[in-house]
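Each of the next two complexes has chain A plus one more chain, namely chain B in the first and chain C in the second.
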Partner chain A sequence: MRDVFLSNCEKNFIQKLVSEGHRLDGRNYNESRRLDVTFGSEYGSCIVRLGETKVLAQVSCEVTQPKQIRPNEGILYINVEISPMAAPQFEANRQTDLTVYLNRLLEKCYKDSKCIDLESLCIVVEEKVWSLRVDVKVLNHGGNLIECASIATLASLAHFKRPDVTRSGDRVIIHTIAEKDPIPTVLYHYPVCMTFAIFNNEVLLSDPSFIEESVCTSSTEEGINTGGGLLVIGMNQYKELCLLDLNGAALYDSNIVHKAIISAAESSKQIVDLVKQRINSDDTMRQKRIKINFADMITSDHLLSLTRKDLSIQLKKFNVDDMTLKNDMEHEDNDDEPEPSKYDGKFENKVMTIFEIYSLISVVPSLPQTAEIISNKGVSKWIEISSDSD
Partner chain B sequence: MGIEEEKPKAFQLKPMKCEFNFLSKSDGSAILSQGDTVAVVSVNGPLDIKSTSQSIEKSTLEVLYCTKGGKPSVADRYKENVIRQTCEAAVLGSLYPRTGITVTIQELEDFGGLLSCCLNCTCLALLNSGVSMRCTYAAITCAIDESGDIVLEPSKQHLDTARATMTFVFDSREKNLVTSVTEGVFSEDTYKEALARCHAASDLVFNFYREIIRKYANVI
Partner chain C sequence: MKVSIDDVVLPGDYCEDIVNAGEKSKVILGPGLRKEIDKVYITKSGVLRKRAPNTYWVDSYQKRYVPSRAENVIGVVVQKAGDTFRVDVGGSCTATLSYLSFEGATKKNRPEVQVGDVLYAKMLIASKDMEPELVCVDSHGKKGRLGVLNDGFVFKCSLNLVRKVLSPNCPLLNSLKNEWPFELAVGMNGRIWIKAKTMRETIAVGNAILGCEYLSDSEIKSMCTNIASLLAGHVS
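And now, the complex of A and B:
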């Protein structure tokens, strides 16, 4: 993995901003980004979008021999992959510390919390069990991978259905989905990991963005620890704690953990409710034989430009309606145009006005605090203003 | 090639949908659906790579193909190779010596014709990333069914019963054949006919590229 360098400027700016009670994208301290869960055509495949962070999860199953110490339990295997698609600093087919950390955290959250009924995955004791494999692929790393990946894992596991099996004597018949209805996975509870960024050992930011994550774990110019870190809390919908993990500086104050747990309890309920609701609506759609496909994710109502997406600064009290585009400025610009010199008879002064481009696009409010540029239909054009001199 | 007159646009390709800049961290990205088959591609580059893989005369193209689930297989590496060779023909690598361009392809849905969908999506992502290109390219898949008929853009059911499948890639300038991937048994005449049919169909893909670029030219 290539190093990602963080400038002192950025560090100081973010630290100062947070200490003054703001965040770069205009959120409150305990506000999360928009969460969206989309399911694919197969059972157990989903894409979770948390702000700009996107994670794809796919569950697949196969029949294997059980482990000798647990002859009547199925196997759950979680595999996290971060390809260069997530961000340019990641290299292909290379395990990084982040991959291992993420893998271990998800295993702790979903295997060690015993949320899946592994015994129901058993077909023949000591011989055949179902082995579930969750492939988590990071598509875009925009911060808070842990939360996004854990929601993706949970949603895909809850959405997954395995083929039905019948036993006749020694033979085991696996039915296709067309023959017999598939069986859903049994989940006792729905744990989710939530990340909190700690700044200066006192401020708690939920759902940190990429830059907030990197600033809070870094030290200052002089190498002094800023008392920041990342706190991961795994919690299920019954507000039971499943996992705690701290990265970065040591905490002086146990109250901050308590505060984070209270905050996590609220958001875990919301997240699990959203996941359940999406799975239910997906189920009813499937029963009505409506085709569900990842292609539904592609929209043509808006066009995204890189300039908008890279602009991560959003103002808290920004109101798009206050901004009016002044097309008449174009005329002013014409007046200001310098007169062509009389010594240069054939000189043609070509000025392309940027205001002409503004008239082609319009700024519309999209999210509460965001503005989105939507273009008018038609080809963009440069307007040539030529002033011939006599 | 004469075939075009015989079949005056009687065929239509499956509906295509595309969105650019789907991923914010990549230099260029595109998501493309051709019918029910969907793929996402991200392009990063030209960027610094380790000196052992640098080339002094052109940029090194790295292609990574990821399946949706399961372990990586030899078939994936083969696909990677096909895509890399096709991209190398299109990208003007000599403009960026000693650098690397990474192309990452993620399969999302496979309902037949995944390879051509990946190839087309890669081309769109390269266009979006702003890497200089010699030409664009369009990929078309066809299958030869049991009775010897040619089926353009076959579905999963067609592919399961097909005698052979072929994928052709054409460039946008001279409409020459860039890549040809075939599987199965077929005669020379069938190959020529399939080539001609796909050649004619590739115009539709190029038209789609033009439409998409026209739409996005306003905002990029």
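And now, the complex of A and C:
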């Protein structure tokens, strides 16, 4: 993989812009890009769009022999692929560091947090279990691949249904979907990864775009790191921490992790609610025998399907139409209230052992729920006006 | 499939109109068209266009740059290698730029170019078997507008947008230039360098350029005034 080479002027511009309290695409520090989940015709296939980043995930299952050490558990396998389609710097059929990193993060988030009931995937102990395989394919790389890929993995796993199985004596019959209703995967909790870009060890940007990601992890001309990095936080809808990962410069202020976690707690709930709501509406559509496939995504607004609503460089409040659209979406998201997790003790113990270093984090559930990650530099001071022309 | 002018075409389609026209007089085949024995085949998906009297090409959407001679491009210096600079212009491989191809450069007097600098340069050699070569001077040894671009901001866009911005019929730059002062360099490789007095104005230029991609001429004009009033802080 050829590295993307950043010019000095891009680096300086972004650094200065962020330190003045703005972002290139006119968002606030803690504002995410538009998230959209679309399901395909099969169970367990979905495309997640986060701004310009697009990821396709497909879950498939097959009957295999279980592992010797876990004879009564199914197998979950996650495979990430990044092709030159995503961005020109990637090569075909070659594993890059990014692929391995992404794969490992998703495995940490979905396998190690035990969000899937693997025991329910068992058919015959020591002989036959279901093996779930999640294929994650990056369609376009516009920054924050981690969050997009993790939402895609979660949505496809939650959407997936495996064929029903009946056992009569030694025989195992796998029913087709026409014969018996397929069974959904059991998910104890819904973890999602969220990325935060750290600038100068003090500013946190949620959902960084490609250029923000590359600037914050790059070093200056003299080879000195700029005190920036990428912080990945995995959190479920009960505001429990499942994963923590940092690359880039070392942090010397623990408050920044705190801030990021509080912000992540808020947005993880929103994301999971959106995924759940989409799955529910998809289910009712399927029950009404309405055909669903990816083509809906393209042709839904015909002539306008090419026009991009979010530009990568944008003034604050540039397009007022977008703002109204976003508000509408938020009104639909009134799903059920957060219920206390039934698996509190079980997971926290497991998860916390991995990150004992971050002993701070155990305080999180008791923290007040105000999501304010804006640093002391304050919110953007650009004039906010509502222009309602057009 | 047989196609005619102004159709939406796909690779593998062929056009007989061009062959018929070619029997009477010479025709020029532009990008996306290829002559194979006695037929003219399409090699890109897009819309088949014709300009009178005899030029044909396929209008397609593309982001990846293929170097071609005499185009002005914007590149980033990736490496200093002896007496040449390696410049990333977004093609399949990096282009070379000799340190002597700057205005007034001699073996003693080297130009001041650092790794990471942004350059506006002309494509001197672009062939499919060789590395492309850039120059920062014209044939008279003058730099003209070429050379290192300081400060500002560089962003990438589709090649179609670059052509649209550079087209003399496009009202974008004409309506923007009256609103606030800025500098602009457009590379045919899908990179645009912008610089204005403040960062907010720089972003406004970038916003206007990226926003005009799918707009009609009159919409571009209203968008420009819209952005200008946003910038000035008035309610439009």
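Assorted remarks:
Just so it is clear, the second predicted complex is superposed on the first by the 304 of 390 C-alpha atoms of A that agree within 3 Å, B and C clash if a C-alpha of one lies under 4 Å from a C-alpha of the other, contacts with A are read in each partner's own complex, and residues count from 1 in each chain.
Throughout what follows, a residue touches a chain if its C-beta (ideal position, glycine included) is under 8 Å from a C-beta of that chain, and two chains touch if they have at least 3 such contacts.
All of these numbers come straight from a predicted model, not from anything done at the bench.
Contacts of A:His22 after superposition: chain C is touched, whereas chain B is not reached.
In the superposition on chain A, A:His175 makes contact with neither chain B nor chain C.
When the two complexes are overlaid on their common chain A, residue A:Phe294 makes contact with chain B while staying clear of chain C.
With both complexes placed on chain A, chain A has more residues touched by B than by the other of chain B and chain C. Contacts of A:Asn8 after superposition on the shared chain: chain C is touched, whereas chain B is not. Of the two partner chains placed around the shared chain by superposition, chain B and chain C are both touched by A:Pro88. Once both structures are placed on chain A, chain A residues 88, 306 are touched by chain B and, in the other complex, by chain C. The residues of chain B lying in touch with chain A in their complex are 17-27, 29, 31, 33, 36, 38, 40, 42, 44, 47-48, 62, 64, 66, 68-70, 102, 104, 106, 108-109, 111, 214-220. Put simply, chain A touches chain C in their complex at residues 5-13, 16-17, 20, 22, 24, 26, 88, 221, 306-308, 311-315, 317-318, 382-383, 385-387, 389-390. Partner chain A is touched in their complex by these residues of chain C: 64, 76, 78, 88, 90, 114-118, 149-155, 193, 199-200, 202-204, 206-207, 210-211, 213-214, 222, 226-227, 229-231, 233-236.
Across the complex, chain B is touched by residues 2, 40-42, 45, 47, 52, 54, 56, 58-60, 81, 83-88, 92-93, 133, 135, 137, 139-142, 291, 293-295, 297-300, 303-306, 309-310, 360-361, 373, 375-376, 378-380 of chain A.
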